[in-house]
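Structures follow.
Presented sequentially are two complexes of subunit A, the first with subunit B as partner and the second with subunit C.
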Partner chain A sequence: MASLELGAEIADPSQIDAPYGAEAPLNKPQRRFRWGRGAILIVTAAYFVVPFYAGMEYSLQRPTGGFSLTPLSQIASAPGFASALWLSTQLAVITMVVVMALMVPTVIYVHLRLPRFRRVMEVITILPIIIPPIAYSVGVLESAPQWLRNSQYLLAIVYVILAMPYVYRSLDAGLGALDVKTLVEASRSLGSSWLMTIWRVLVPNLRAALMSASVLTLALVFGEFTIANVDNWQTIPVWIYLAPTDNPRINTLVAMIALLATAVVLILIVSLDRSQSRNSRRSA
Partner chain B sequence: MTSVTDVSTPVGADVHTLSGAPVVFDNLTRRFGATTALDRFSLNIAPGELVALLGPSGCGKTTALRVLAGFERPDSGRILVDEKDVSTVAAQHRNMGMVFQSYSLFPNMNARDNVAFGLHIRHQRSSQRRAKAAELLDLVGLGEHVSKYPHQLSGGQQQRVALARALAIEPRVLLLDEPLSALDAKVRAELRDQIRAIQQRLAITTVFVTHDQEEAMSMADRVCVMSRGHLEQVATPAVLYSQPATPFVGQFVGVSSRISVTRRGDHVEILGREVKIRGDLSAVPTGELEALVRPEDLDVAVNPTGLGVITHRSFLGATTRVGVGVAGANLRADVRSSLADDLDVGTRVDVSVNARDVLVAASQPAS
Partner chain C sequence: MTVQSDPHSATSLDVASRDTKGTSRTTGALVRKIRTGAPVVPFLVYVILVLGVPTGTIVAFAFRSNTGRFTWSNIHTILGTTAQTLEFRTGFENSLKLAVVTAVIPGVLGTIIAYAISTSEHPAFKRITAATSGVLAQFGGVNLAFMFIATLAATNGLVTKWLAAIGLDPWNHGFDLYKFWGVAFVYMYFQIPLMVLIITPAFAGLRPAWREAAEGLGASRWRFWRHVGIPVLTPAILGSMFLLFGSGFSAYATAEALTGGTISITPIQIGSILQGNVIAGEQNIAYALAFAMIVILLVSVVIYVLLRRRTSRWLL
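Up next, the complex of A and B:
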């Protein structure tokens, strides 16, 4: 038998090169689209950069002409800014902790035990995007316990719901790249408890997914205006819009800085995501 | 079709130093909806023995292994390890090392940390863990790759790290679920020998799942052939091959030709010769019968007036396998290559059976 198979392989010369040939053409498709890509990149960049530049110009231009960085130093002392920043930061931290504590075990459970339920989960978790946010704020307000109703932290509950679609998708994709069942069973057979397995095996391999979920949540909390405004809490976006500063340029400047910070973090995530998926692809 | 549920005394137990744990599968049944993955499955494994679970895909091998590991609860039946019932013990407390079919190394840890993982869980000191991991990676021949990550290792190397990781916890039983099936033929053969050598050296009770009969026959002390969730036969490779207890085993292990026969008491007539029926006569089905005959149990001799015609030949090394068309059937026979020179395709031959006894089965419709 063995001799027959050997004969068959040699008879087909294309197979001899296969292991080397398979690796060679990897870079080809990237070359072909270089021009189209460049054009798209330029147009997209312009779409973001032009308004950003205009905003910066507006806030940093001196009435007498030329630019000045003094508005930057005025931000911290602008009335209401510090408390708005503190509130938004608290809300961001609470939202992140709660949404992760809820979603990480849920997504792992769905992947392990209810794989057929994944489609249903996708639909459920997209609802917060479809239903207008104002409906939640009313719903959450109605159903919240009395002691929470007048608390500013009630907002965090609304933000947990709003963040769910992003967090779910991010974690779902992260887990999809792993052979969760085998990793979990390997860990368990080595004597590890469930908690230990999640903490030592799954979470470290979901680093990029958790990171992007966190940043999306952060961006959401620092960008959400409608609900915070309706409920009358002065978060950063509400402050930017309403702050009774004598200098509206400062508000614009804060908005621009927030935009820039988000962009930088997003770029960091994308590059982190890439290096991680490169690793897992090779090990798969 | 009768199944042999008689669990005979394990062979091979005496050749090892007995340090592994004895394992008993006791009448296990596991259903998934309408599928019965395990059907009253029983098997005794001696300390230090390597038993291969062999059978076609979907026959319940993995389920049996997962029930033993604690990942699957049986609907009924028990698992005994060291004479203690572990059926209700959680997987994490069973202390069994497992190597999986798919690559299962933790991608975020290098080879050493993967191997040391189970020791970490057991709160061993860091220096101790590192020493033990290095020792085990040496054992599997990867001493130079301790700080490589899974994606930097080949498939065969990854499976060897997985083996070292499973052995690091000094498991009472080693479980291997088709660990070689994703590897190419050469690596597979090497690793097969290496696993067997390590298993014998450590004298660890081992259950090895495979659908590859060559793998099972070459590695195992005993082979347990399964079909549709139940045990067909468990025996040493030699016995399994020469005395298959059921037609399923006869057909699945090795190559058999089927020849129509008629029964005469405890004999059947095959190609003009009376041959004894093997095994339990009461289990022989009524109706049309076929005998299962191994290629080496057929003799072929050139005879210009013979009833058989050579239909093909293939050189296998020491032997040459020829196809012989006779009375509408196509039989496979092995002849010594030195005697096969004049057996060209189209040659007329006589075919006869040289076996003492044969296995008979109900006739299958021609496919």
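Up next, the complex of A and C:
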């Protein structure tokens, strides 16, 4: 910001007060820094782009040279991949359903009736980010009853907690952009029940927030490694790490696809948020 | 619980007045409070059972002996007071060293990069870099480890080959991707974007008026930074570094996948105890290690919050 102003000043010399003689000494460092900035940004870009290229090259290069897309078709038949994908999908669906059922009514209710409880929710939903996943998994694995300890669905129960911070923040922002009180009063005075109000009035208005919350949950479940690994369940990330494929390039390829998918998902969410804030501004 | 002790929640409720019929005043108020609080109970119960109980277990069992009595011995063990338990002390030392290195270096680099970005005059460029850092800051874990193995593995890594071609094979110059500095180098891939992401707003808060005032009084660029820019930004930069410290200290997946669990840092040690790769009777040590990690994390988060509060005095 600061130097943006500075640049404008230099472009218009009449604005510079002659007695200070500021023109010459200001101009030089500005130009020198331009070079510095270019160099910094190029080195940074290289650090982030080169490993990405290396990963793609390693997984898609033919031994004889040149690239080939055949490894893509080998993923599905790689041993253990299908069951890992199925497990991760199940966990993602269960986590999403539970976290939404738990958070959507609670956050809406707190917004409407218990505004003072928001502080408590904020603190509670920041905890899963602060507590290291590896430490948390110690507590979970030792305190879960044995029957649950033996079930893969323990992971979904735990992922609900890990997803809460993201879901809460999305919903809280989404509700903040709405005039919830008026919407609810209108709906209630027309004789609709609470559940009906949530389902027919609030949820459609929160579509963008709910979308980004579920997509974030999906990304979280498909990326979580720590707890799945120490609990010995082969979800997708654990499979990438442990799978004894005859071709290690397949694992790297799946890892690269997972990274690309994460990028796409996050960009999607950013654009969802942008369109949401634009809508709220228009209605304001 | 919190809800019931909250006086405002009851007054804000208009519907519940019909519940007071026929009951004494205090009972009515209590019923009202419970009614108001009831809808958040499922959420609270879930959090208590799935987050509270496990965390409480960690804290309680960190101080419990095998016979169920209170003891400090688990804590003594992880502090490495005897020769047999020295590995846990080493683990902590390595973890702290790794967290400090991956907080300070990415902290400084991230600040420089964020400054370079913030001086850009193209709003589109700023938007793209902000979105990119948001994405890259999430690139931890197994996938990142595999990407870096393809990049820097001995002899076969792409960059290793490039550097070897000009006679600078890093593996011949003391670099090992699967040891401390290798892991630190990989962590920077998500720590630098994280720093850029959280420090950028601070640069936006440096008011042009301050610089104009400094220039008007004849200050050089260097003196502006020396006396205004850096002092104002220092709490923000330090605070962000504590956040990076926490992120580097608690990371498990990247180190595990990269080194196959061979680097001796605390998260990896906890992982191997949980997977049963230890002598019997060491279970309590996992609690103590987890407890110590949580304490260190809490301290760094509290410092981060305090420094951020101080930052907001100058920067909005």
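In the analysis below, the second predicted complex is superposed on the first by the 222 of 284 C-alpha atoms of A that agree within 3 Å, B and C clash if a C-alpha of one lies under 4 Å from a C-alpha of the other, contacts with A are read in each partner's own complex, and residues count from 1 in each chain.
In this section, a contact is a pair of C-beta atoms (placed from the backbone, for glycine too) under 8 Å apart; a residue touches a chain by one contact, two chains touch by 3 or more.
Because the structure is predicted, anything quoted here is derived from the model rather than measured.
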Checklist entry - Which partner does A:Ala135 contact after superposing on A: first (subunit B), second (subunit C), both, neither? => result second
Next on the checklist: Between subunit B and subunit C, whom does A:Ser187 touch in the aligned arrangement: first, second, both, or neither?
Outcome noted: first
Item to check | Which superposed partner A:Met196 touches (first subunit B, second subunit C, both, neither) | outcome: first
Checklist entry - Looking at the overlay, what does A:Pro63 touch: subunit B (first), subunit C (second), both, or neither? => result neither
Next on the checklist: Per the contact definition in the header, classify A:Pro145: touching subunit B only (first), subunit C only (second), both, or neither.
Outcome noted: neither
Checklist outcome for this item: Comparing subunit B and subunit C in the superposed model, the one touching more of subunit A is C
Checklist entry - After superposition on the shared chain, which partner residues are touched by A:Asp179: those of subunit B (first), subunit C (second), both, or neither? => result first
Checklist entry - Regarding the shared-chain residue A:Pro204, is it in contact with subunit B (first), subunit C (second), both, or neither? => result first
Checklist entry - In the superposed arrangement, does A:Pro51 touch subunit B (first), subunit C (second), both or neither? => result second
Checklist outcome for this item: Check: subunit A residues flagged as touching subunit B and also subunit C 1, 3-4
Checklist entry - What residues on subunit A touch subunit C, complex-wise? => result 1-7, 20, 22, 25-26, 29, 33, 36-37, 40-41, 44, 47-48, 50-55, 57-59, 102-103, 105-106, 109-110, 113-117, 120, 124, 127-128, 130-144, 157-158, 160-161, 164, 219, 223, 225-226, 229-230, 232, 237-238, 240-241, 251-252, 255-256, 258-259, 262-263, 266-267, 270
Checklist entry - Any idea which subunit A residues touch subunit B in the complex? => result 1, 3-4, 178-179, 182-183, 185-193, 196, 200-201, 204-205, 207, 279-280, 282-284
Checklist entry - Contact residues on subunit C for subunit A in the complex? => result 2-3, 6, 8-9, 12-13, 36-37, 39-40, 42-43, 46-47, 50-51, 53-58, 61, 112-113, 116-121, 131-132, 134-136, 138-139, 141-144, 146-152, 157-159, 189, 192-193, 203-204, 206-208, 210-212, 215-216, 218, 220-221, 246, 249-250, 252-253, 256-257, 267, 270-271, 274-275, 283, 286-287, 289-291, 293-294, 297-298, 301
Checklist entry - Tell me, which parts of subunit B touch subunit A in their complex? => result 69-71, 91-98, 100, 102-108, 117-118, 121-122, 149-151, 162, 165-166, 169, 175, 314-317
